[in-house]
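The chains carry the letters A, B, C and D, assigned in the order they are written, with residues numbered from 1 in each.
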Amino acid sequence: MYEKEKQLLYEAHLTLEKYGLVAYTSGNVSLRIDDKVLIKPSGVPYSSLKPSDMVLVDLGGKILDGNMKPSVDTATHLYLYRNIEWAKSIIHTHSTFATVFAVREKPLPVLCTAHADVFGEEIPITEYAPVGSEAIGKAVLKVMGKSGTVLLRKHGVIVVGTSIEDALKKAIFLEEVAKMSYFALAKQQVTPLDIDEINKLHQQYHTKYGQ
Amino acid sequence: MYEKEKQLLYEAHLTLEKYGLVAYTSGNVSLRIDDKVLIKPSGVPYSSLKPSDMVLVDLGGKILDGNMKPSVDTATHLYLYRNIEWAKSIIHTHSTFATVFAVREKPLPVLCTAHADVFGEEIPITEYAPVGSEAIGKAVLKVMGKSGTVLLRKHGVIVVGTSIEDALKKAIFLEEVAKMSYFALAKQQVTPLDIDEINKLHQQYHTKYGQ
Amino acid sequence: MYEKEKQLLYEAHLTLEKYGLVAYTSGNVSLRIDDKVLIKPSGVPYSSLKPSDMVLVDLGGKILDGNMKPSVDTATHLYLYRNIEWAKSIIHTHSTFATVFAVREKPLPVLCTAHADVFGEEIPITEYAPVGSEAIGKAVLKVMGKSGTVLLRKHGVIVVGTSIEDALKKAIFLEEVAKMSYFALAKQQVTPLDIDEINKLHQQYHTKYGQ
Amino acid sequence: MYEKEKQLLYEAHLTLEKYGLVAYTSGNVSLRIDDKVLIKPSGVPYSSLKPSDMVLVDLGGKILDGNMKPSVDTATHLYLYRNIEWAKSIIHTHSTFATVFAVREKPLPVLCTAHADVFGEEIPITEYAPVGSEAIGKAVLKVMGKSGTVLLRKHGVIVVGTSIEDALKKAIFLEEVAKMSYFALAKQQVTPLDIDEINKLHQQYHTKYGQ
């Protein structure tokens, strides 16, 4: 059942590991299929993860298929799917420099064109919310903007995508711009991009870029 | 003899190298099997290491099997196995950012949920102790808390695990949180997580996470 | 048509990814062949890119061969080819530490011999110019020196090469020297190399180095 | 002729690349065989380097075997072989954090036990000397201590080894300790290891460590 989707979700986890955004067992990706959600099993190291390990749950969290316990972050993912119609895939990581901003309790400002292109806004930060319940989902919804990308205070990152590729792209670019921005800001005050330029770049990127 | 365990121990060394926690010949992993200990041979580069190179010693350090000299840190490992009943695997590395804290002579504070989840406490630091004797083992025991993870002053890291997977996970996550914490702290004072929240997260992680 | 060149251009993209100068879909390389230009298709992740995806355009931007949309930066590349006779290959990246200098709105000074050898000058920075038009090409021409390497303000990097190997080499060395220079400059004022020494090293490197 | 040695030297170059100490064409390794020296050809990218590309020269620099031009740093290597009897292999890199110290014109102090073990002294720095002549060799000899490892002012690193493995190990550990030391020192004054402890660790490491 859903073998193609399980393979796709498995490969998305390997992509996160390849880019160094997750380590050993950390992080997780989910994929909405109609009114069901496929998600990573809890606590399985990437080196032993298999496509068939992916767990299928309904939007209320009931396990429909799979021999493993789903991610402890499943309730967060499901809350977001129930409340964001366009959400097709969600990624959670503790990628290093995005988490540095989350731990410093600061949004990530728009310092370069790539940030403006992909996200179109500074990345907001949630209030602190405990792991493993709907609290994180609620905190995300309160601050989430058009980028679908949010820093979790003292915790990590949530990325909501219109597809697994869209979520992957935002998770990867978030860490890229967070790392660059950290080192740019470390030395001195840096002037962010102008808001009109941000909007223009984002609009252009989302209409002209790609196939 | 113990071919499966030698293979497992060999693979653990490669995992440390893959994550960049060790380099060329540095670091070592051991595995307790009843009243014996398998450990890395001394000074063998990872690129030429073989499962059959692993050395079997008794808890007093007598070589029982193997053609190579065991790690110069063997006395440290054995002291810890003799004094910590639950210790099944021990990892020693000089992973970069954990060692930065060790060299700065500072414990690693709990700044994010992943740290609280896995370790449940700030990572303590030992007094300075010379390499290659029981002195490091004794210094570790003096400060070791529930995480089984300790910074060695001006030296590196010791991780004690309930299994080889547990030790690997803590060694990998330690460097992840040390790197993130270093850069978060580099810019300004950052507020650690609340102690009650740390305890709650750790408790939850160790009862609900994983298969 | 141009199968060998498409393969070469494809491999150049993989080289950029291997060195971590691009991520997922970012960055692009082009190659001039007489009065035509081969360039990366827009928005295709590196993991699914194929040699046959490369798009052939004329110097005015008309698509001559290929089933995909060319890079959104095509107009920039073409402007530079039309105005720089010796340009045979152009690379655009957002490599992290080069972009840190671009975002801090600072040229990259010559701090070490490798910088002097390969580039022979501090890397200049353009005025800010919007993505996707000839404006970036014009801004590059205004400041470009003998290195053919330019920081794009609040954006990234353009490298113009006499061959695909020359462009790759400059893109890779730029990030190497930018990273080293960033950390050297982060701690204190550092004295740049003397201008006569820079000129001597550059001259020597471009007459004696290589096969 | 010398096929085994050419293979060994080729693999040493790949090891440097694997650890990120060299990039594209930078850096070089040589190996003394009696009164001859095998060395990397000039300007050949690592991805296309072959064992048979290695160039054999005599101690005066005369090419004895090989179709390629030897490294532009050949005169430096030969000067050191002529003047250091125990030198069997020499490595030159611009590895990032070692070069940061070289550009900041500071020796690398002994902050951790791994540094004391392998090097037994702070890594000295030469006066500035131009590339491609004996001047660098002379500057190295003036400051070189028992570690055989020297920072080249505003340039990079020279490592002299008793074997290719010894040189590789020192080149790899130098960058490890330079990176860790940079970040440890970036935040505040850090107390170096005591000189007696350094001497004791170095002595112990060079008598008890390894097979």
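One rule holds for everything that comes next: a contact is a pair of C-beta atoms (placed from the backbone, for glycine too) under 8 Å apart; a residue touches a chain by one contact, two chains touch by 3 or more.
As the structure is a prediction and not an experimental result, all values here were calculated from the model.
> Return the chains common to the contact lists of chain B and chain C.
Where chain B and chain C share a partner, that partner set is A, D.
> Answer with same or different: of all residue numbers used at the interface between chain A and chain C, are over half used by both copies?
Because under half of the interface numbers appear in both copies, chain C and chain A meet with different residues.
> Between 0 and 180 degrees, and as a multiple of 5, what angle does the rotation take that fits chain B onto chain D by Cα atoms?
The superposition gives an angle of 90 degrees.
> Centre-to-centre on C-alpha atoms, which chain is most distant from chain B?
Most distant chain from chain B: C.
> Between chain A and chain B, tell me the centre distance in angstrom, where each centre is the average of that chain's C-alpha atoms.
A distance of 30 Å separates the two centres.
> Could you give the separation in Å between the centres of chain A and chain D, each centre being the mean of its C-alpha atoms?
One centre to the other, that is 43 Å.
> Could you check chain C for residues that touch two or more other chains and list them?
Chain C, residues with two or more chain partners: 186.
> Pull out all the chain pairs that touch, please.
Chains touch in the following pairs: A-B, A-C, B-D, C-D.
> Of all residues in chain C, which touch chain A in the complex?
Per the touch definition, chain C meets chain A at residues 23-26, 41-45, 47, 68-69, 72, 94, 96-97, 99-100, 102-105, 130-132, 154-156, 182, 185-186.
> For the complex, which residues does chain D have touching chain B?
Spelled out, the residues of chain D in touch with chain B are 15, 19, 111-114, 117, 165, 168-169, 172-173, 176, 179-181, 183-184, 186-188, 190-191, 193, 197, 200-201, 204-205, 208-211.
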